[in-house]
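What follows is a pair of complexes built around chain A, which joins chain B in one and chain C in the other.
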Partner chain A sequence: MNKSPLLQRAGTQKLIASVLSIVIGLFFGSILVLIVGLATSDIGAKGAWDGIRLIFIGLFSKSRDASGNLVFGMNTTNVGNMLFRATPLIMTGLSVAISQKTGLFNIGAPGQYLMGTMATLMIALSIPSTSVPPFLIWILAFLGGCIAGALWGAIPGMLKAFLNINEVIACIMTNWIAANLVTWLFDIASFSTIKGSFYCQTKWKIADGTFKNLIENTKSGYVYKTTWNNVATPKLGLDKVFPGSQVNAGILIAILIAIVVFIIINKTTFGFQLKACGSNRHAARYAGIKDRANIIYSMAIAGALAAAGAALYYLSGNTEFNWHTDQTLPAIGFNGIPVALLAVNNPVGVIFSGTFMAMLNIIGTQLTKFTAYNEYITDVIIAAIVYLSAFSLVIRSLISGRKKKVAVVNDANAEKNPVTPTEAKTEKGGAQA
Partner chain B sequence: MDKSQDYVIEMLNITKVFPGIKANDNITLQLRRGEIHALLGENGAGKSTLMSVLFGLYQPEEGVIKKNGEIVKINDPNDATALNIGMVHQHFKLIEVFTVLDNIILGAETTKMGFLQKKEARKKVEELSKRYGLNVDLDAKVEDITVGMQQRVEILKMLYRDNEILIFDEPTAVLTPQEIDELMEIMRGFAKEGKSILFITHKLNEIMAVADRVSVLRKGKYIGTVDVANTTKQELSNMMVGRPVQLQVQKDPAQPKEVILDVKDFTVPSRLHHNDAVKHVSFQARAGEIVCIAGIDGNGQSELIYGLTGLEKSSSGTVTLCGEDITKASIRTRLGNLSHIPEDRHKHGLVLDFTLEQNLALQRFREKGFQHFGFINNGNVRQYAQRLIDQFDVRSGQGPVTTARSMSGGNQQKAIIARELDRDKPLIVAVQPTRGLDVGAIEYIHNQLVNERDEGKAVLLVSLELDEVMSLSDRILVMYEGEIVGELDPKQTTVQELGLYMAGAKRQGGMSHE
Partner chain C sequence: MTFLVQQTLLFAIPLMIVALAGVFSERSGIINLALEGIMIMGAFVGVLSVRLLQSVPAFQEAARQLAEFNAGNIESSSAWLTLQGMEVLCMLIAAAAGAIFSLLLSYASINLKADQTIGGTALNLLAPAISLFLIRIIVNQNTMGMEGGAGGASWFLIRKTFFGYDSNADLGFLGSTFLDKTYLATYLTIIVFVLMSIFLYKTRFGLRLRSCGENPQAAASLGINVFKMRYAGVTISGALAGMGGFVYALTTQGCTTNGDVAGFGFLALAVMIFGNWKPLNIALGALLFGLFKCIAASYSTLDINGDGRFFLSEIGVSSYIYRLLPYVITLIVLALTSKSSRAPKAEGIPYDKGMR
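Showing the complex of A and B:
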């Protein structure tokens, strides 16, 4: 089998479709900026032009000069912060992507992320760094977070495997259970009334002197930081490359995990089993693959990945966990869905789509900083892109439709250069009688 | 010029190319007014593609379509309907929760000020059904009526739209023998009324019974058109396959040896009812024989096989395979000693979105050579798939990397058979291995099974086709309502006697426990 021409490969077409979605989304955002700008007297045409430029190259915006013009150039703070914010997005994106690859839809990433947050923080803060080396606490906290997420993800997996309950419904419910459970576990009052919980509380006291963060108690909730216990992800010199930013080795770990997930899915027998169960549970069972176990594995791995995102985020040392009594679901969990969608569930693609989403985030802050626009413009752009990537199948068939017409013209070539399998599939179920 | 006026539909020099395959290569089909014209060809010969072109689902690269001698352009099914072309698809296009009447008028509703005028529609449908003897309950929901009835609904749909050209795509595949006879009668009635019928099939008996002329396609090419009166089944099958075909299975008498499969007092509960689907069944299969489980569909054959292969749990009895008790063994353990050609190739046999090579390695990917420390050896998988594809002549657009879904039914089945027989296990469980296949493929599969038998394998065959049961098996076990009611020798029994056992009218004493 010869490889088909680059443009006709399924992978290329997926990439083109995603890039097209992004480009159209950005233009859509620009039009919005233009309309808002021209309709608002204190922005005007000049302000709108600034806004549009920021949407496309906001990552490289630096400041305004004396005459009030935007200055563009390498902005290490922005790039570093983009990588930092991309870290948890890549992980939740992977979580959704791996479940999609195996025929499941993990909408439970927010809950798994919360459980990971809780386990990571409790472990990171309850083991005294005076007696245990911080890097060991870091590893324990990271793994503990992953395990908590895996267990949380396994619950909808088990419901699906044994009772055939739709994982989407189970995930939505476990999300809110997680929100309330985490609220309850962080609530010191309910903690101390339970027998045996004193163990945990005393450990916390060793960590930072008091369980309740009275110093920052001025806010409506309580704030936790792993640096109180000297636990933080190493920078590995990235802070020198991107001075002034929050970036740390977490992004490298996320990229590494994405590559490992890619290898597991595409190259191993385990991935083969997961995909077989995802595509056709009955055929997998017939072939001697344990279908139930594989559904649970898939959800558990998805849960672990989402929780790893939380662990990498909160272990960074720069981040604070704001705990409120009215705990809501973290948006970063839900944002894994567009990240996976944009990457067409390719784990390596998730690295780029996660980074891109983080860039939009940065652009949002730049818009707020330099113009009269606010960052919610970027939310609209993200929404437009998600909407378009849902149409990526249509875009792909448009691309391959054009290729097909070309193939027809030179009839002889059509026989020699078979087109991608996706195309045959869109042909209403196969060409042959 | 006068001659061409005879033809109601002409498809001239139609060519349709799909990626990697020329589905129709310069095909000409001419349909006379008031005739039943059969379109014969193997799976993948291009019959359905040609009909889809006529129905406007595909646009041909070359060729023209004429109606009553005038060139017409059919861009979509609406154009086809406007030209009075109607089609009964192989898989019915009905809305299950709608009533029969609603399904018939759907898309061609009579309305007044936006309100449905069902009364008029009902009158018209009732007239039609009386005139052609198509009895259906107009108020029944489609999901509640039999497949044969659903087909009648599809036929009534065409009649309701005053279609003159009726296309039947493999209409008998889903029908019982009686229903087939009735359908043939209905088709003759249509032809007498001056309607023209295109009848797509690969069943020679039906063509001989009902068609006036037959056009044969092979591998996308047009082979010829003959009058049914001047031809024989043998000639047609030779045209279709391109070489002489044995319509009868050739085999030597069986020489059974040691017991491979020993089933004792085996019970499998039913998924649908509280009743047991298989009730205390006992039998054996020996090396070197083909044992056939015969019976009317739904008498516990499927559940028996599910129980034996581990897809369902049994509630009593033991199964011994090659001397090992596998009653409670995992599916994977069982697969160590048996090959299983499943009944439903789309549900169990294949992962349709996987490539052909992934499907061929579906059970073997854990074996040495296919994997190394948990990493799949893609080179070896490709090599293995290529060998099976060559050896078993599995045809597909792009070889090992073809998506299973895009392959024709016959080649999907060939892929499963290649995978299962190549695993070389002492017991072969084959459930309706030739269902929906054409004579060439059936001959091939029958020969393969006989070869395996001669090599000393035990073959457990489940078949609903009486011809297949009689010609292929060495021993027949008849199942009726979950029990084995008789054991017959195909050489000493007749189809009639077999039929009596299958219908429950006759049973051998002491064959099975109550």
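Showing the complex of A and C:
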């Protein structure tokens, strides 16, 4: 396949399809902004033009000048924050991608993310940093989060493997169970008699030893930041490169994990077995691969990856967690789906698509800051992109034009279908005759 | 007890109709994961139409008369009937919005044969995004209610005084539960549920629809247009879910919307599976899950037998347990019935003429 012209290669077509989805998504958002702008008297054409410009190059917007025009230029705060927010997105994207490789749709990333958040925060805040070195607490909290996520992800995996229950349904159920479980457990840890499980002698002594942030009591329902226990991801000088932003070494860890996942998927026997189960579970079993075990492994790894995203996000030390999650699931978990779809489940591609999604996030805050629009327009764009990637196969066939049938069949063949092109054709022809 | 039954109904009825919406789609062969999104869309458009219709002079006059009547200034008034008509109108608008929104899913999954799960997920992402985007533009905050701070209750709630009873009259258990302080939407939804269930099981169209979810190739060989049937299934599903979304927003949220239905669409999916894709079981499942929701929402002040003690709050089980129980039960039911699950056989598989 590598000898074929550039435009006909599967990889190129996937890339073009993704870029096309992005462009169409951005234009869709722009049109919405334009319509709303023209229909609303206090926004008008100028406001709409500002909105559209921000959608495309909002990352480099800086401020408004004295005459009210937008000023664009290098904005290190934005870029740094983009990298910071990309960290959990890359991880949840990897989570969805690796399960897709095994033919499973991991819509359970939000639940796994929440379980990871809970385990990480509880560990990071419970071990006193006076007697245990902070970096050790960091590692324990990170691993604890991963294990919690892996166990949570394994539940739908086991249901799928042993009882053949649709993993999408099981994942949705476990999501909402996790959402309530996390709130409940934090409630117990905050209000019941289990006290003294969490304390920190370095900065302050709290009255009843709970996770609930009582120091900054202007907000309610928030857990302490991990920095209260001196636990935080090192910055490694990234804060010097991007002054004024929240960026830390978490992004480097996420990239490293993405590369490791890439190697596991593409260069190891284990990865091959996972993919084989995804292509055809029964054929894989016939070939001596333990399909059930592989399905569970895949979901457990997916859970661990989503949870690792949560750990990296909350161990940064400058993020707060509101534990009343019983009504809404974390968007970062769901946004792993578009990240993986845009990257066509390629772990290295996830790094870029995750960063892109984080950029959209930043653009959203810029829109809220500088215009009468709000950040939800970027969610509309994301949704449009997901919708488009649902039929990326069609887009890909449009790109390759007249040779589309062969290309698509080849492509599907390489990915999923064990049916050879000729077979597929005769089958179609037979039905028409 | 009256309170318990009323509250359970408020939660159970939207669940019931949205679960039936799921049945229509899945029985035609399309997995409708977008129930949550369609509900959000229905809730948004429904509340928005209430807001817009509020400025119509006839309705304003009716609301003014109703307020006078409730205050006891006028003897009798039929103004409430006008407002009930407005409520029905808004339900229809919400249903239309849901049906139109669901076309996105039908187009992707029927015409383009795209992955139905991803298509549904896209709709679930799109609905809250669009409604929140517009809500923020319209009211500059995240929750949109009725104009001028009016609540749904003051416009649409049915009271016993409407039927000539004195405000102190005792109607007994049945009257006070099912007549006083109820919403017409609740009963209309039950009627729609019954009619649509009969439609699905006792008509030729319903039989054809169900056949497309079991074996579309066989259905096609008998001259049934599978594409049209699936479009019909998803569109009916969208209309029911959109209506359910508005009913949810009206009866449980006081006619407000915030781009969120708190996982009700997914809970309805659970009810549908729990009910094994059959209307009667779904109705029972919805009542059970509605009871859980009701307990979770108000367990600390729930006085079941009227002895002045809050039994459930004395047990000390957290409300979150009641909230997560429906999902756990669904998983257990799925696990127990996995061998004999009656899910439509062809659901999730794009229809391909050549396949058999």
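Following the convention adopted for this analysis, the second predicted complex is superposed on the first by the 366 of 433 C-alpha atoms of A that agree within 3 Å, B and C clash if a C-alpha of one lies under 4 Å from a C-alpha of the other, contacts with A are read in each partner's own complex, and residues count from 1 in each chain.
In this section, a contact is a pair of C-beta atoms (placed from the backbone, for glycine too) under 8 Å apart; a residue touches a chain by one contact, two chains touch by 3 or more.
Quick caveat, the model's predicted, so the values are computed rather than measured.
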First (chain B), second (chain C), both or neither touched by A:A283: first
Chain B versus chain C as contact partner of A:F272, first or second or both or neither: first
Which of chain B and chain C A:D65 touches, first, second, both or neither: neither
Contacts of A:I172 with chain B and chain C, given as first, second, both or neither: second
Chain B versus chain C as contact partner of A:N180, first or second or both or neither: second
Comparison of chain B and chain C by chain A residues contacted: C
Footprint overlap on chain A, where chain B in one structure and chain C in the other make contact: 427-428, 430-432
Residues of chain B that touch chain A when the two form their complex: 17-23, 41, 43-50, 57, 61, 217, 309, 311, 330-332, 334-335, 340, 342, 347-355, 358, 362-363, 365-366, 371, 374-376, 397-403, 405-408, 411
Parts of chain A lying in touch with chain B, wherever the complex brings them together: 1, 267-270, 272, 275-276, 279-280, 282-290, 404, 407-408, 411, 414-415, 418-421, 423-425, 427-433
Contacting residues of chain A [partner chain C, same complex]: 32, 36, 40, 105, 107, 159, 163-165, 168-170, 172-177, 179-181, 183-184, 187-188, 326-329, 334, 337-338, 341, 372-374, 376-377, 379-380, 382-384, 386-387, 389-391, 393-394, 427-428, 430-432
Residues of chain C touching chain A in the complex: 31, 33, 104, 108, 112-115, 117-119, 121-126, 128-130, 132-134, 136-137, 259-260, 262-263, 266-267, 269-270, 273, 318, 320-321, 323-324, 327-328, 330-331, 334-335, 338, 353-355
